Structure formats: structure tokens, C-alpha cells
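For reference, chains read A, B, C and D in written order, and residue numbers begin at 1 within each chain.
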Amino acid sequence: MDTFLQLVVTGLAVGATYGLIALGFVLIYKASGVLNLAQGELMMFGAYICFVFSVQANIPFYAAVALTLPVALLIGAVIERFFLRYMIGQPLISVIMMTIGLMILMRGIATWIWGTEPKVYPQVFPQESMSIGSVNISYEYLWAAGLSIFFVLIYIIFFRFTKSGLVMRATSDDEHAALSIGISIKKVLSQSWAIAALTAAVGGIIIGALVGLDTTSFPQYGLKVLPVVLLGGLDSIPGAIIGGILIGLTENLVPEYLGFLGGGMEELAPYILVLIVLIVRPHGLFGLKRIERI
Amino acid sequence: MGRTLVKTLSISILVIILMTLPLLIACSDDDEKTENAPEELPDIHVGMSALVTGPYGAYAPITWGYLDYMKDLNERGGIDGAQIEVHWKDCQYDVAQSIAAYADYSKSYDLVAFTGMGTGANLALAERCAEDGIVLAAIGGEPELIWPAQEWVFASSPNHAIGALGAMQYAMEQWDEGRVARVGIAYPNNPFGQSIIGPIEEYASELGYEVVEKQEFELTALDAVSQSLAFRDDEVDIVYVQGTAKSVAVLCKDMDRQGFIPKMVIGPLHVIHPAFPELAAGTGEGVIGWNPFYLWPQDMDNESVQYWRDKALEYSSGDIVSEEDPYMSMLYMWGLSVGVLLEAGLREAAAEVGAANITAEALRNALENVTNFKTGNSGFQPGIGFSPSNHEAYSATSLMQVQDGVWVRINNMFESPWKFAE
Amino acid sequence: MGENGIKLRAENINLSFGGVEALIDVSFELREHEILAIIGPNGAGKTSLLNCINGFYRPQKGRIMYEGYDLTKVSSHKIAKMGLSRTFQNIALYTGLSTLDNLMAARNIRMRYNVFAAILYFGWAHREEMKHRRVIEDIIEFLEMESIRKKPVGMLPYGQRKRVELGRALALEPKVLLLDEPMAGMNVEEKEDMARFILDTYELKKIPVIIIEHDMGLVMDIADRIVVLDFGRKIAEGTPDEILANHAVINAYLGGE
Amino acid sequence: MRLPCGIINKSYSQDTAIVRTNLQWLLLVLALITLFTFPYWASPHWISVMIGVWISIIGVMGLTLLTGYAGQLSLGHMAFVAIGAYTVAILMSDLNWPFWAALPCAGMISGCIGVIFGLPSLRIKGFYLVIATLAAQFIIVHIISRWDSLTGGVFGLSVPKVTLGGFEFKSDFSYYFLAMIFALIAILIAKNLSRSRIGRSWIAIRDNDIAAEIMGVDPFKYKLLAFFFGCFFAGIAGGLWAPYLRYLTPEQFTLMGSVWYLGYMVIGGMGSIMGPIAGVIFITILDEFTAEMVTDLATGSPVFAGFVQASRYIVFGLAIILFLIFEPRGIAHRWERIKNSYRLWPFSY
């Protein structure tokens, strides 16, 4: 029972982080209908920029994070303006290929600037852990989960109550209708990429604080959350966080209780789970199911 | 209309350039060949499927080390005047690309030796080399390549299992609790992770400890709670983690948080990265890793290390051998060690058949006669030697430990006590 | 064949999406030889009714009888094989294919050669392709589409795409033709052409036609009978003259009380 | 497709033929002569590169049928290549089957497993389907790397050589012909499928799946057929890789490999048979070029090692991005346009 609780707590915390990363995918999908495979690279860039500020420029960590966010916004907007803008109206799969091109280019630039050696943030989160009964929860995971949930709440508020949020929601709902009431789609696209890059940067910083940075394995965390995105539904913000938590739990509980199926089940279990869920609900748990018309 | 025309033209030109590229490249290859033709002694050709870019690009210093060693060897006069020509291509750890490079070089030149990067590539190359009769000068790594000794495969430095066994021996020497020590292994499911399990388990019966828990642990895992719990529940005394600096740090942190502190944590040579103590945030204290070379800040005044430090700056690879980055320096040395192996074999072969007549067959036979070979500046590793039953250059390692947040060498090179080869 | 000259009979169709009721208790019948128009304001459920006939929507209640089968229990592509063919309100062509191939794609259900023949192509498959090509060329000629035969339909103007759709529907060799606003968004000239094609088809092939159309003048001209839908209910049925005189219809259209 | 002035179709079969004009016949014959004599005049380097090209063309052709024609996005194609490769390897080494019997088996097994992973496509559409193929990628490679007794686990297994009568396909020289002939057959089969009722039905499903079903295309049958052929081709490609590499390890079949297959297809142009051929050739040449560049950079004067390590990524990434910006519909599309403008020259109407 203790083990179970311990794993549940870890799963929740790691899952919340997955959820935050998944959010980046969802934001871009909602605005432009594109699955951005370069999300892991956006994460890496955010994390490294924060590294530059906090370690190389010796700025206190939280100030460094605050400085990173506008840079990340800018990176997102620049990528949209100079790369994705040319792909408007092209077949979707070409657009996905564009994100693959970006993924390779960004890896190259990061390797060029920061090399392949692992880098470490100064100690960000307290290393101690808190004990509740027999369950140890490390502050590190608590912080990661807390920050993730904090950001998700901010997004929900942003989309509910701000004008830009409303405009972005309107656009994702019906591009033509949005166009006809004078919304600039280009502006919305650029905003959503900027916000997605910001989300990715926050996710990258959290993961960087958990396990350290490098240019070779770090981008893999981007693709690792694909099942999360699809489980929650490609266009659902709460879906991203709930999907993240479900996958986090699966990854932690499966090796313990289904370990007899062979090692490494934690890698497969998310995919199998998502596949089963999708067969029952083809648009994910919270994805919008549109009535098909002809 | 004008715009589409420009677009059409530019694309057509691009296509034409791309179509003619192969021709150009093919021609440039020919030029190189004719340039080198008027030498008196024929060149000795060796090949390499190198690793510079791609997802495993972190291992690029190995390639630099190897290339620099060959450059240095040529500057020192080659093998009795015969120059060595290295043919290499960046294969990105990819098996198919490595095979293609091998097929190309082995067909185009009279190769005496080839070097591959990556387990899959080396295992595949071993078969081809054996068939074609070309020496495979392997870069450390995989015990599967040399245990048992294959006719054409020679390893330049100790493999993962040798290091692991050396570290286990040290652990047993320190063990004084008067009962059988319980060992847990965490490993990723790839050749790097799997290759140590068999040897450690077999070695256990000899040294009197017991492997009680084996946990899979991915190199990119975000947390290691379930592994930590498993080790805690099984009351493991010694944890062997086959991982990178990052993944070992994740495990150390999570074990610490679960209030489980094993007597000893041992990692492979990848763990002795200067960033590790910081990555593990204080929980890495006392972790042991092994190192097959004499190279650490303490050893920077080592004559040989000094020599290579200068050479690395002079040649193509920049500031690689330095106090700041001993891990990169170690990878560089790893590459150098292949050069040492080849030099040893080629010198021996030249003595036997003359530098002009060195063939792959001659190199192979010569290598098996090498004993305790050291070049003037190869003091970064023990002397190397081979026998028909042992194709491993040497099987000595030294151990490093994190003390007060930095890696410190805790013993000198010592011969790993136990070999599969014999 | 259907009893008493009835080709297709819809009985008490009820269809709802979530809480929204799209069709409520709609019944009608299509006779062996007639053009039946379905009219009604936007959102009255006209297209939904056709979608039910095609098996794309499954009504919660009711049945649609055709040649002794209940269409609500047959899958869409089998319904097409049974001879019900249609055009779509928002053009639903295969944009990546040429006009010719769009029509040939519809011939799929009449082709017999199997996968292995397709792999070899020469021989059986080729012979059959050529046989069907002849049929398609007749339709192309009939609809006067020779000049756009090999153009990708994605590049065609709106009016021509509508025409290609009609051609594709005819390529199925239908026994019943369902046309969903075939003349929407066309100019007068194009409408006249299209009306002529529809009437010619009707005369030539002797098949019943269901047509959804907003242009009342046109409907009155070509339809034999009219069914009027409003908010998912059938409010009237009859000959054009009867419909013109029907109060419920006038109310629905003019918003009277 | 437009024809040069003066060419008149006299029959429907003439109108649908692949090779139409004398010039085309001439080009075809010249191309075939070039391909068949290639190993006699090309350097060993380019022969080995071309073997890779031929085999990749087969695999990418499968993906083109599945994704380009039938519109079912697949991110797990490499896994089916792996099935083909391991099937051939195991049949040849454990059961001593001849290659010629093992290869069709590899295709069939790969195709059938592809159909199993294609079943969700009947309910899941668009990007959501990515997960089914992604699951295929992970599950299949997972099983291969753990079924030690059959596949040799993570350490892999070696594959015997291909023999025909007494002849051994040992050198690249002979293997080139083997790979090329299978690739040419694959191209022909793909072309035939694409212009038959099956290809048209696939495009119908891709362009408008609802209309396709209402107009009589059975989505169940044709989607699964697409998965079967897509994976069958992948299996054949794998089956040809195995005896060429002569050693298989699970790490050869990565997710990035699958992503690259998509890359070949998109760069070449989806939905055309020319596409995969052009895409594979373009990316392979680019790859060779960047590898050459790394060698040049590193053996020249002292350079910044970090840049060398990054150079291949940067050049490759930039090339793909620029290509997509200027020609998002792929090389095949550009080729068609060049051809058309050439044919109409000087009278463009």
C-alpha cells in the first residue's frame, strides 16, 4: 500500500509536468491544426536560454526565468513568421514536415551554441522530501507539479477572460467566421506560436531542473508526450493536464503491478492505454467531437 | 508570371546542381588518389565509420582523438616511412551508413584495418571484416566483440564489463559486514546496458555476493521512484547503475528521497562527468565510477597528457584535453587508444614483413605477437598486448569517487582480476 | 420492385444530435417515375434526410424501405451499390483526381477485377478499365465536359465542379438519383444548363429523382411533386400547384403566425 | 498530363499508357541502360549508396501508397521494415529457407501485422491515427528487442547471404542488381495499383472519406488494403536490407527512421509514384553531401569542433525548410510543371 501511494504521488507529479508540455502541442493545434513535432526543441531552447541567464550571466534563478519568458515568446513568434507563415494553405503533412525541418535545424543550432555536454542549473528546488505517513514526496516534484498546474490555470483564465484569448478561441473554432468578423488569422497564429514556445520554455526549465540539460536526449521529452496529447484530445487544455496525469500514473504503476509482462512495460503502456481509449472515444477523452457533415 | 519563372529557374538550377554533385564528389576523390601516388612507399590504408554528428554526437571526441593520433603518427614518420591514410566518413552511429562506408572503403582501397562506432555497427562490421580478412580495431565498449576472441577483432581499451568487474572487486574488498552482500543492477535495455549483466552475475559466485534485483532504467527517465523502491524493499547493499551521468544522478536523487542510502553506488565510465556531482545535487557523494585511462586533473602534468593537450590544440579538434572537461578528454583518449593499437600492430608487422608489404593478414598476425607496447607518449594508458586467446589491449582500470563534490581518483590502474577470455 | 409503383418509402424518420432534433416523424414516398423536390428553409433537415437515405446518418426511429431492404440497416457503400447515387450541397469531389478519374472512381462498384489483376494491370484489369472508360466518355459527352476531362477538379470553377458531381453521380448508373442543391450558387445560364441536364437524365434513364432546391421558380417548373420540411417536420406534400396554395408553407417561408 | 503538339490519342488505352511519345521511349531505354550499367562505371561508394536508395525507394513507395494515396498518416513505418528484415533473417538462418521464399513471406507477415495495426483506422481519423502507428513502432521494436530466443534481443543476429543456384550475392556489385530489380518491380506494382480502381478508391478516401463511402467505396476494405500494401512494401524493403547489412539489431529501426520515411515522401511529393523516387534520391544526395562536408571541415585547418558536430543538422534542417518554403508540394510536382511548360513551349496556351 505504501509503495502504491508513493507511486501514485510520483505519477501525479511527473504527469502534471507532461501535461504542461502537452499544452504546447494543444495550443498550436488549436490555432492552426498542426501537430508541432519540434515542441521538444522549443523546450530545449527555453531551458538553455534560462541556463544562459542563470548560470552564464549569474542572474538569480527566478529573475532568469522571468527574463527567459519574453525571449521564448519572441522565438515562437519568429518561428511562425519566418517558417510557418509560408506554409499557410499547404497540405497538412507538408506543414508537419516543416516542423521536422525546424526540429533538425534547432538541434543543430543548440549543438553549435551549447555543445553536447550536459549542463546543470544551480539548485532550483529544495532537494529534501516531505513525509506524509510513509509516503515521501520530494519538494522538487511538488514544485514541478505546482508550477505546471499554475500555468494551466493561467491558460484557462487567459482563454476564458481575456480578449486575445477569446479571439484565439474563436479562430480555432471557425477560421472563416473569424476572418469575416475582422480577426487577423496571421496575428492569431503568431500569438499562439509565441505562447506555445513560452509553455515549452517553462516545461523545459522544469525538466531541466529535474534531470539537467543536454542537446542530445532532451528533445526526446517532446515526442514522449505525444500519447498524452492524444489521450486528452488534441484541442483540449484541461485534457492535456488530465491526460498527462493519467499517463504519469500509468508509467509509474505499470512496472510495479504489471511487471510480470516483462521489463520496459512503462514505455509501452501509455501507447496501449491511448489506443484503447481512442477506439472507444476517437477524439480523446476531452477532444471536441464535431458532427460530421456532408 | 515573372516570379514563377524565377522560381522555376532557381529550382531547376538547384536540381541540376544536386544531380552533378555526385560527379563532383567522385572527381575530387580521384584527385586525392593521384596526388598521393608519387610517394615511394605505398600508403597504408585504414578506414573508419566515424561518429561526429547526430543523436550520439557527444562521442565525437573519440573520432577526433583517433584522427589526431594518426596525424601525429604520420608526422613522426609513419611506419618506417610509410604514411597511413585514414578514410573516414561521419556515419552518425547508423548501422546502414557504417556498412555502406565499409563497403566503399574496403572495395576502393587495400584496407588493413577498419574501425566502427556503435555496438550494432561493430557487431555487423565484425562479420564482414572476418569475411574479407580485415582487422576490426574496435573502440572499447562491447564485451560481445572479444569474449570469446574473434579472429579479426581487436579491442583498444577495456570494455564495459571489465570496468564493472573491477569496480565490483573493489566493492568486495571494502565489504566488511560479514554476510553476503546484496547487489542490485539498474540498466537500460540496450547493448550498453545488457552487456554487463551476465558478467556481473557470473562474477558474483566467484567473489561471494548475490545479485538480488535487476531493474530496467531508461537513460532518459524523469524519475526513478519505482527502481528506488524495489532496491529498498530488497535491502540492496550495492547498486550498480549502467547509465549516463544524467540517469545515474536521477537514481541517486530518488533513492535519497526515499530515505534509502545503499552502502555503495557504482556507475560506468560515463558517470565520471564533472557535472555529475552537481546533477545529483549532493546525493552523489561517494558514488564510484571507473576510468580506463590516466587522465584527470591530478594527471594533467602527466607528460603524455601534456603532449596530447598540445597536439589537440594544434590539430583540428580544438581545446579538448583540459582540466575543465576531463570527461571529454577521456573520450579523446579513447580515440587515441585505437591509434596506439594500430601503431603497435603496424610496427610489429613492419618488423616482420617490411613496411611496404603490410597486409591485413600480416597486421593480424603481428597484433597477436604484441606485448606491453607503449609509444613514447602513450603513457595515458598501460602497455598493451594481445595473444591468440586474448584480443583485448589491456584490462586495467582505475576507480574514481565523488568526494566533497568532485571526482577523485581513489586507486591506481589495476588489472581486472578476472577475464572471460581465458 | 416496390409495391404500387413506389420506389422508396421513408416511414416515421426521427433523427437527433444530442438534444437537437433534426428530423421528427418524417414520412414520404418516391414513385417509380417522378421528380420529387424537397424544399424548406435553411436548417429544415433536408440534407439530413438525404443523409439518412444514404446511410450516413442513422435515424433513431423509423425505416427507409427500398427494394425490400431497410436502408437504415445497410452500410453506406452497399446503398450505393444498390443504386442510390447522389450529389452534395458543399461539393464533395475527390480534389486530387482529374474529372475523368472522379467519374472512374465512381465506376469502382461496377468493376470486377481483383487486386492481383490490378497489380498486373495488363490483361483483365486493362480490358475492364477500357470498357468503363467508354461509359464514362459517354457521360462526359452528355454533360459537355470534354475540355475539362483531364484537369484536376480542385482547379475547376464552381459551376463546372457541380457538373462533375452530377457526372460522378451518373457514373454509378443509379436507379435513384438524389441531388442536394445542384444549382446553388450558380448564375442563370448555368442553372438552365443544369436543369436541362437533370431533365434529360430523367427522360433518358427513366429513373426517379429527389432534388433539394431553393429556387422556387425552378422547383415549380421541373418537380412532379414537392415535400416541404420545416424545423424537421414535414408540413406539406403535393403537386406544385397544391404547395403554392398551402397556408402552412406560406407561413413557413414568409414567417407568418 | 498534357502532351506535346501533334500527338493524338487514337484509343483509350493509348490515352492511359505510361509511355507515350518516342522521346519518352528513348528516355526510358536510356535510363534503363544507365541503371543497368551503373555498377560498371560508378565508384564503389556510389554503388553502395545506390543500393540504399533502391531499398529505401521500396519502403517509401509503401508509405506513399498508405499515406500519400490512402491518406492514413503513419509514424511507424520503420517497425514494418523491421518485421520484414527479421522475418527474412530468422527464416534464412534458423529454418534454412532460401531468400527467394523468405522474402515474400517477409512481405506477407509485415502486411498482415500492418492490417492489425490498421484496424483502429476505421474509427480513428487524422492525427489521432498517428498514435496507432506510433504504437506499432514502439510495440514491434519492443517485442523484437526482448524476444531473445528468436531475434537475438538487443545484440541482434546475423543474416546469411543470398544465393541463387550456386551464385552468392556477396559483393555490392551483385547486390545492386538484386535491389534494383526488386525496386523496379515495386515501382511498377505501385504504379499499376495507383492507376487501377484500387488507387482511385484510395484517393477518394483520402480526399473525402464520407463522400467516398456514400459513392460506393468500402472504407473498411480499402483502408485495410492500403495498410496491407504499405506494410507489404515495407516488409520487402526490410527483407532486402537484412541480407545486405547481414546483421540486424533493434536499434536500426528507430522512430527517427520512420520520421525520415515521411520526410522522403513529403520532399519527393505525396500522391505520385515519382515522389518517393525523387525524395529518396534528393535526401540521399543531401546526406552524402553533408557527410562529405563534415569530413572536409574536420580535416582542414583547425576549426571549432562544436560547429562541425552541428553542421550536418544545420545544413540538413535548412535544406528541408528552404525546400518546403519554395516547393511545399515536392519535387514530383515541380517536375510535372517543368515538363508541362517544356511541352507547351513555345506556345503556352
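Just so it is clear, contacts are C-beta pairs under 8 Å (C-beta built on N, C-alpha and C of every residue); 3 or more make two chains touch, one makes a residue touch a chain.
The structure presented is a predicted model; accordingly, all values stated were derived computationally and were not measured.
Student: Weigh C-D against A-C on C-beta contact pairs and write down the one with more.
Tutor: Counting C-beta pairs in contact, C-D comes out ahead.
Student: Report the chain whose mean Cα position is at the greatest distance from that of subunit D.
Tutor: Computed centres place C farthest from subunit D.
Student: Just by CA atoms, which chain is the most central one?
Tutor: Central by C-alpha mean position: chain D.
Student: Between subunit C and subunit D, what is the separation of their C-alpha centroids in Å?
Tutor: Here the centre of subunit D sits 40 Å away from the centre of subunit C.
Student: Averaging only over C-alpha atoms, locate the centres of subunit B and subunit C and give their separation in whole Å.
Tutor: Here subunit B and subunit C have centroids separated by 71 Å.
Student: From the C-alpha centre of subunit A to that of subunit C, how far is it in Å?
Tutor: The computed centroid separation for subunit A versus subunit C comes out at 46 Å.
Student: Between subunit A and subunit D, what is the separation of their C-alpha centroids in Å?
Tutor: Chain centroid spacing, subunit A to subunit D, equals 32 Å.
Student: Any chance you could list the residues of subunit C touching two or more other chains?
Tutor: Residues 56, 88, 92 of subunit C each touch two or more of the other chains.
Student: If you look at subunit A, which of its residues touch at least two other chains?
Tutor: Within subunit A, the residues that touch at least two other chains are 111, 116, 263-264, 267, 292, 294.
Student: Residues of subunit B that touch two or more other chains: which are they?
Tutor: Those would be 53, 55, 57, 60, 189.
Student: Who touches whom among the chains?
Tutor: Taking the chains two at a time, the touching pairs are A-B, A-C, A-D, B-D, C-D.
Student: Under the definition above, what is the set of subunit D residues touching subunit C in their complex?
Tutor: Result: residues 1, 12-13, 16, 189, 192-193, 195-198, 200-201, 203-204, 206-208, 210-219, 225, 271 of subunit D touch subunit C.
Student: Considering only the defined contacts, which subunit C positions touch subunit A in the complex?
Tutor: 17, 47, 51, 56, 88-90, 92
Student: Once bound in the complex, which stretches of subunit B touch subunit D?
Tutor: Against subunit D, subunit B makes touches at 7-8, 10-12, 15, 18, 21-22, 25-26, 29, 52-55, 57, 60-61, 63-64, 67, 88-92, 94-97, 99-100, 103-104, 107-108, 118-120, 123-124, 127-128, 144, 189-191, 193-195, 313-318, 320.
Student: So in the complex, the part of subunit A that touches subunit B is made up of which residues?
Tutor: 3, 6-7, 10, 14, 17, 111, 116-120, 123, 127-129, 136, 138, 140-141, 207, 210-212, 214-217, 220-221, 224, 252, 255-256, 263-264, 267
Student: So in the complex, the part of subunit C that touches subunit D is made up of which residues?
Tutor: The touching residues are 54-56, 75-77, 79-81, 85-86, 88, 92-97, 101, 104-109, 111, 113, 115, 117-121, 125-126, 129-130, 133-134, 137, 150, 168-169, 172.
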